[in-house]
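Okay, so chain A shows up in both of these, paired with chain B first and chain C after.
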Partner chain A sequence: MRKYWTIITTMWARALIHRFTIVAYRTGELFEIVFLLILWTALFKGRDTISGYTIQEMITYVLVGNLVSIVTRNFLTDFMTKEIKDGALSIFVVKPITYLRYVLVRELGRVSLPFLISLVSQIGIMLIFARQLVIHTSFVHFALFIVMVAFAFLIEFFISFLIGATAFWTDETDGLSQTIYRLKRFLSGGYFTLSLLPALYIQISLALPFAYSFYVPTQLYLQKLTLWQGLKGIGIQIIWIALLYLCIKLVWRRGTRRYEGVGI
Partner chain B sequence: MPIIEVKNLTKKYEYYKKAPGLLASMKSLFHREKLYTEAVKNISFTVEEGELVGFLGPNGAGKTTTLKMLSGILYPTSGEAKVLGHVPWKREKKYQKQFAIVMGQKNQLWWDLPAMDSFILNKEIYEVPDAQFKKTVDGLAELLEIKDILDVQVRKLSLGQRMKCELIAALLHQPKVLFLDEPTIGLDVVSQQKMREFIKTYNEQKKTTILLTSHYMEDVKALCKRVIIIDHGEIRYDGALSALIDKYVDHKVITVTFTKPVERVDLEKFCPVMECTPLRAVLNVPNEEVKKVAAKILTTYPVDDILIDEVPVEDVIRRIFTTGKS
Partner chain C sequence: MRRYLKLLKILVRVSFIRALMFRAAFYMDIAYSFIWLGLFFIIIQILFSHTEEIAGWSRANLIVLLGVWSFLDDLGAGTFWDGIKRLPDLVADGAMDFILARPVDSQFLIAAERFRFSRVLVILADVGLIAYGLTIGEMAPWHTIILRFPVLVVSGYIIALSVVYLLHTLGFWFLRINNVWALYDGLEGIAKYPLDVFGRHIKLLSLTIVPLTVMFMFPAQALLGRITTLEVLYAPVVAAIFFAVARWFYQYSVRRYSSVA
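Moving on, here comes the complex of A and B:
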């Protein structure tokens, strides 16, 4: 266990050196959130609800949803692609540590610090909008919400790993990761709540893993889902985790057979 | 029982060609002809415990590919290998804890952090006990004279300092087998010398089996009793460095300095003349005639100085590579 803790603290040490990046990153995110809040406030002018959402619920949707997406994201694909393409992966495959586990811990380390900073600033914004924010007190809903977010992190991580692993065959993964990123933003409800869309679209989104990184947990938080619906969501997440894990096993075995460890 | 056993190991790489220019690039978007190159062809050798073997060969000879297979980075196309009783490309933890590879052109140290942070990470990954860790780091840093830079960001270090840190990172878990891929590449003469001294001492003290690749002859001459010469993926020679000269060279080099000018034609009566200026001549003399020729020159000509030398190893190896036959 100690080795994993050391990986995390090493990542923190590294992240702290690049303090400017952390701040710079966060600035962009804040703009996006503020923009969404302004947009919704404008849209709500003169009406009480949109698709069953009050303005408070919509603001909560944006703020909580963004919080979830901050917690669940990772930067693995870029790093992994580079490691495969430049041959830096060689350094890891000779060590007595499983690469998947190593990068999982590394990503936890990588995201945790920016996450803390995002969390602080996000809570700052939430305090500004405190009057508008919906705060529920159901412990079970909240517990389910936390589990769903943790699983969402794992799913996103596995997807990033799979995209990264395509570098064994294609050397570059930008195209694929951009495509999936856009798809994800749209299908996860990151731009607007899926409730605004036709039922079929929602059904497709719920069968795919992306909605569980934004829309579903936020709905759960807002208590627009019953506990049973929440549990069903977690069930779907578990199926995705198992499926993705199997894919990773297969892709990794084949990929490392092709791996040439080239470059400087 | 040999520590390293390699039998008929072969590695083929896949690649494709593309003519320069945009049009050719467009074409290659739709059609690519797959080509194969054999980086390592059917090589076999064994290494005993504690040996320090030099892998010598020009660029692209297959040295690094061989080391990559032995450390489990690459899967071979065919053939077998066992290191410490393990098949490397199975990547068993038990094996990984017993060997290390240092690649002169790849660093495992974290670029943005001081080397010490990387050491600590390695310590945990290899599960090195605290006491052993401290002792190893202190000892090695002392030996390599880098105690004062362990807390400096790696990217601020010179190449020489960085290579020394790389070496420490690789030795923390006290590997039984060490693969060094071009450990002196890009280093200045003094750093090269230091690195060599260190490797030699380490091998003698710890009895670590070391396989070293280099295209610097100096490395191999200073360090290895045994060399494996590899070219175009094939082993051209495997044996003692000293025996290499006996095997390939049937003559010695006599250099004579005269007090008065001497004609080239006169000297050519004795043996082939390689170089001749009026006051100096270099002659290639068959081994069995060295004494006779030297005596004759001394008595016949006004000799100021006479030197009898072995043919330099570099020349021998260059000849092996250029003729391409064993």
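Moving on, here comes the complex of A and C:
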């Protein structure tokens, strides 16, 4: 346990060096969130509901959804790509810990400071819009929401790992990770609620893992999903976690065979 | 001037050779850009399936705005973006020494060192999108477009270049700010929607300190015939001010630079 704690505290020290970056990154995000809120307010002018959402529900959707997105994100792809490209992966041959476990603990440490900064600023925005926020008090819904968010973190982590692993085959993963990030945001309902899409697209999105990092937990929070639907969602998440883990095993085995340890 | 043009030609050629060396990355970059553009186009279609207009902008108008936004974004990303992005790392690693020691303007060299041809190619798609938006909606008379649009696009490009430079020059003052682009990215991202949805104060801000309206909305408004002569004259003034400030701030910051290599 001590070795994991050492990794986490090292990451905190490193995160403090990059504090300007964290603030810049978060400020950029805040612009988008505030803009989305203003855009929806403009769209709701002269009407009470859009696709079954009131303006209060839509504002809650944007704010709670982005909170979930903050909790579940990681920065693994960039760092993993660099480690593969620079040959830094080689040192894990002698470390008493597997790479997957190491990066999981490292990401927990790395995201904690940005998470705290983002959480404080997000709560700040939520307080500004407090009057328009929908607040539910169902404990069971909330417990399911927390479980779903925890699994979403794991799914996001595995997806980032797989994107990072493409560096075994290609030098440039920046474009791929940016595109997947945007596609993920689109399919997860980050730009707008998936309820605006035709039913078929919603069904497809619900079968993919992305909606569980924004749309589904937020629907659960808004109690637009029943407890049974929430449990079904968690079941789908577990299936995806297992599938992604198997993919990681396969990709890792093939990737390490190709790995040349450049720079050593 | 001739020396710099010759140098620019060489730098473009080197970038082209680099693009040919990493062909897979080149084609993938084009594919990604098309996916992004398609994604934003779909978002517009979905938004407008629930409303007739957003802050006075119709679907066709917004397609033109998206086209102009993407055009300027690709132009910036294709020409100076990758070069300037390296500035904080150059400062942190001490590699600025090699740039400063060369007998050319260092600011020019940093910005012009890396062209991304894939993004320049996507500009053709942006032009197609603009043409589509103008075909299905309103459009200004040709003679006013020819007179106004180039002035506004060049102004928008110079402002973008200056803002990106201003942000990355902070690398001389703060340690490790290599993700400062996220700040610009976040700001620029909202300009693909009409900024008229904001109240008067933020609109004023977008005309002066953070001139997103001048950069992206003015050129689109020129195509749609929604711009006044005063606004057309205002854009180059803002561009000149931002360029001068970025230039001054860079030179001032370079004086502070002490090699760490």
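Quick note on the criterion: the second predicted complex is superposed on the first by the 262 of 264 C-alpha atoms of A that agree within 3 Å, B and C clash if a C-alpha of one lies under 4 Å from a C-alpha of the other, contacts with A are read in each partner's own complex, and residues count from 1 in each chain.
Going forward, contacts are C-beta pairs under 8 Å (C-beta built on N, C-alpha and C of every residue); 3 or more make two chains touch, one makes a residue touch a chain.
Remember, it's a predicted structure, so these values are computed and weren't measured experimentally.
> A:Leu43 in the overlay: touching chain B, chain C, both, or neither? Say first, second, both or neither.
A:Leu43 sits against chain C, while chain B stays out of touch.
> Output check: A:Phe20 vs chain B and chain C. Expected answer is one of first, second, both, neither. What do you get?
second
> Considering only touches as defined above, state whether A:Thr179 meets chain B (first), chain C (second), both or neither.
In the superposition, A:Thr179 contacts chain C only.
> Between chain B and chain C, which makes contact with more of the residues in chain A?
The larger set of chain A residues in touch belongs to C.
> Find the residues of chain A that appear in the contact set with chain B and again in the contact set with chain C.
17-18.
> Within their complex, state which residues of chain C touch chain A.
By the definition above, chain C touches chain A via 22, 24-25, 28-29, 32, 35-36, 39, 42-43, 46-47, 49-51, 54-55, 170, 174-180, 182-187, 189-190, 193, 197-198.
> Where on chain A is chain C touching in the complex?
Per the touch definition, chain A meets chain C at residues 17-18, 20-21, 24-25, 27-32, 35, 38-39, 41-43, 50-51, 170-172, 175-176, 178-179, 182-183, 186, 191-192, 196-197.
> Spell out the residues on chain B that touch chain A in their complex, using ranges where they run on.
13, 68, 71-75, 91, 93, 96-97, 99-101, 103, 105-108, 110, 112-113, 117-118, 120-121, 123-127, 153
> Under the touch definition given earlier, write down the residues of chain A that touch chain B in their complex.
Touch residues, chain A against chain B: 2-3, 5-7, 10, 13-14, 17-18, 87-88, 90-91, 93-97, 256-257, 259-261, 264.
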